[in-house]
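Below you'll find the structures, each written out as structure tokens.
Next come two complexes built around subunit A: one with subunit B, the other with subunit C.
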Partner chain A sequence: MLIRYRGQEGMLAWAFHRISGVAIWVFVIFHIVDIFLSGANPSAYDTVLQIYASPIGRIGETLLGAALLYHALNGLRIIVMDFWPVFTRYHRQLWYLNWALFMIVGLPVAFVILKPIFAV
Partner chain B sequence: MQVDLRILRYDPERDAGPHWVSYSVEAEPIDRVLDLLHRVKYKVDGSLTFRRSCGHGVCGSDAMLINGRNRLACKIRVEQLGRRRISVAPLPGLPVIKDLVVDMDGFFAKYRSVQPFLITAGPPPTRERRQSPEERARYDDTTKCILCAACTSSCPSFWAQPDYVGPAAIVQAHRFIFDSRDEGADERLEILADQDGVWRCRTIFNCTDACPRGIEVTRAILEVSAAIVERQA
Partner chain C sequence: MTQRYSQSGSPRPTRRGAERTVWYLMRLTGLALFVLSLSHFLILHVLYDPKDQTAAFIANVRWSSLFWRANDWLFVIVVLVHAILGIRIVVGDYLKGAVRMAVMMAFYLLGLVLFAFGTIVIVTLPKPTG
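Our next item is the complex of A and B:
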């Protein structure tokens, strides 16, 4: 039904929030393991850092940054509506504002993370 | 014009499961989906089963999933759907009895659970219970609910957790919690503070989008949530 029901902006906002939340959770699991390796097996930790610095790792970090940024911005949108229910009337506009902020903050950050891939 | 009307049909006495059946129906742009269903029932297949009563958006009997969204069949016109292929299915998340008829017993049990009636202490007054226009306006929006279940059955939280009391019951509770004449707010807020109460709302807004009466359902849910927090603070 999640796929069949044609929800609008509110449902999309929630779906992205869930997906980004699960993605962040998966990363946190990885992060606990890699930080554990720094003490338990430093050479394996160095290998993991090399993977993070590789082109695929940088694309992954960019996606992680996108997930964190979206989750944070949409979380603020929900908090605003929780504290001031009158803003539910403008939930679509708040979501579009989220995307504007997402682009303004996210694109420069993505550029910084991905730049080394294209460096000669 | 000809419309391709696809209906998700299910007869528990004959079918192994729900299946789509297509009907080519003659329709005018201003026809409502209910008119098309009547045309099929009266002229093509009399066994087609669906609920409808007033046929004018007041009784709330004919809520169904139309082109992927919950709507009243008697309020949505062919021209509003914008295409000649129309799909009609029973309300999602509720047990199907036959064709487009769903079992509403659980839905109404939740409605009754929030005590949707005036609760007062002491003897009734000799004259009417007075209320200012401002006090009446406080809960005006939620008086419009017709219990069609379009909101509750559009809610992903309800699909995932059928014990969730659901948007419609919370709207009914809101109508009395914020009524200045009512004295049962504490009881209702206690009921809705349960784990299957208001906290299952994820501010998805499907309920608000689906409401054929234009009730700001999500806002009502959040106002009840805020009232619970204020009461416990």
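Our next item is the complex of A and C:
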């Protein structure tokens, strides 16, 4: 599973969903610990947030946002097909619709997050 | 017959029981997270920039009202439920028997610890000063 290729968009949609889900899991662990620091050790929290604001941090946030947006859109696609099975016939089209929405929403957000890297 | 990529993930179950409840809970929390997680990301990465988010910002701005503390507490609960149920499907695809059980116990414990951390900071972070 996940490595053996079994067919085009359906499998890629599933594999990306799984990979993005696990990636978000990892981030949630870090994020709950870092927000906990805002109370337990405020100066340590401020230091961690400077990492978020750094160029590498911003690239990481952009990737996180991409994982989150993909997982959210594909999750809706799964729900639609679960409750209205007629849509399983159009699972490919729904996946491309997801990518269109992903670009329309994601690119402007990525621009806002990454812009400070280039602003001197 | 549609292709199945996952052995432990499944189409809509018809038989009553815990697995069906879990299946619906996964979708229900997923829908809630569509709103909760994307709004969270937009607020804290687009409306505000991480460079301004000091511990004082969290106490005085972000969590200045009971509404946002309650919102984020609901968020952490729903995220952890969805994450635990999701990892349960992933673990079930790769591990079996006692190993699967042990790994899931570790994740349940991790989920409880994260819930405790999140709850403690939301409840105890001082209210705005001045």
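Keep in mind that, in the parts below, the second predicted complex is superposed on the first by the 116 of 120 C-alpha atoms of A that agree within 3 Å, B and C clash if a C-alpha of one lies under 4 Å from a C-alpha of the other, contacts with A are read in each partner's own complex, and residues count from 1 in each chain.
In this text, contacts are C-beta pairs under 8 Å (C-beta built on N, C-alpha and C of every residue); 3 or more make two chains touch, one makes a residue touch a chain.
All of these numbers come straight from a predicted model, not from anything done at the bench.
Of the two partner chains placed by superposition, only subunit C is touched by A:V33; subunit B is not. More subunit A residues lie in contact with C than with the other chain of the pair subunit B and subunit C. Of the two partner chains placed around the shared chain by superposition, subunit C is the only one that A:Y45 touches, whereas subunit B remains out of contact. Within the superposed three-chain model, A:G21 lies in touch with subunit C and out of touch with subunit B [touch as defined at top]. Of the two partner chains, subunit C is the only one that A:V112 touches; subunit B does not reach it.
In the overlay built on the shared chain, the residue A:V86 is in contact with subunit B alone; subunit C does not reach it. Look at A:A72: by the touch rule set out above, it reaches subunit C but stays clear of subunit B. Once chain A of one complex is fitted onto chain A of the other, the partner contacts of A:I56 are absent, as it touches neither subunit B nor subunit C.
When the two complexes are overlaid on their common chain A, residue A:E9 makes contact with subunit B while staying clear of subunit C.
Annotation: subunit A residues 1, 6-7, 10-11, 14, 78, 82-83, 88 touch subunit B in one complex and subunit C in the other.
Partner subunit A is touched in their complex by these residues of subunit C: 2-3, 5-7, 11-12, 27, 30-31, 33-34, 37-38, 41-42, 45-46, 49-51, 53-56, 58-59, 76, 79-80, 83, 86-87, 90, 93-94, 110, 114, 117-118, 120-121, 124-125. By the touch criterion stated above, subunit A contacts subunit B in their complex at residues 1-2, 4-11, 13-14, 78, 81-83, 85-86, 88-89, 91. For subunit A in complex with subunit C, the touching residues are 1, 6-7, 10-11, 14-15, 18, 21-22, 24-25, 28-29, 32-33, 35-40, 42-43, 45-46, 49-50, 52-53, 57-58, 61, 65, 68-69, 72, 75-76, 78-79, 82-83, 88, 109, 112-113, 116.
Subunit B contributes residues 65, 67-69, 92-93, 154, 156, 159, 202-206, 208-209, 216, 218-219, 222-223, 225-226 to its touches with subunit A in the complex.
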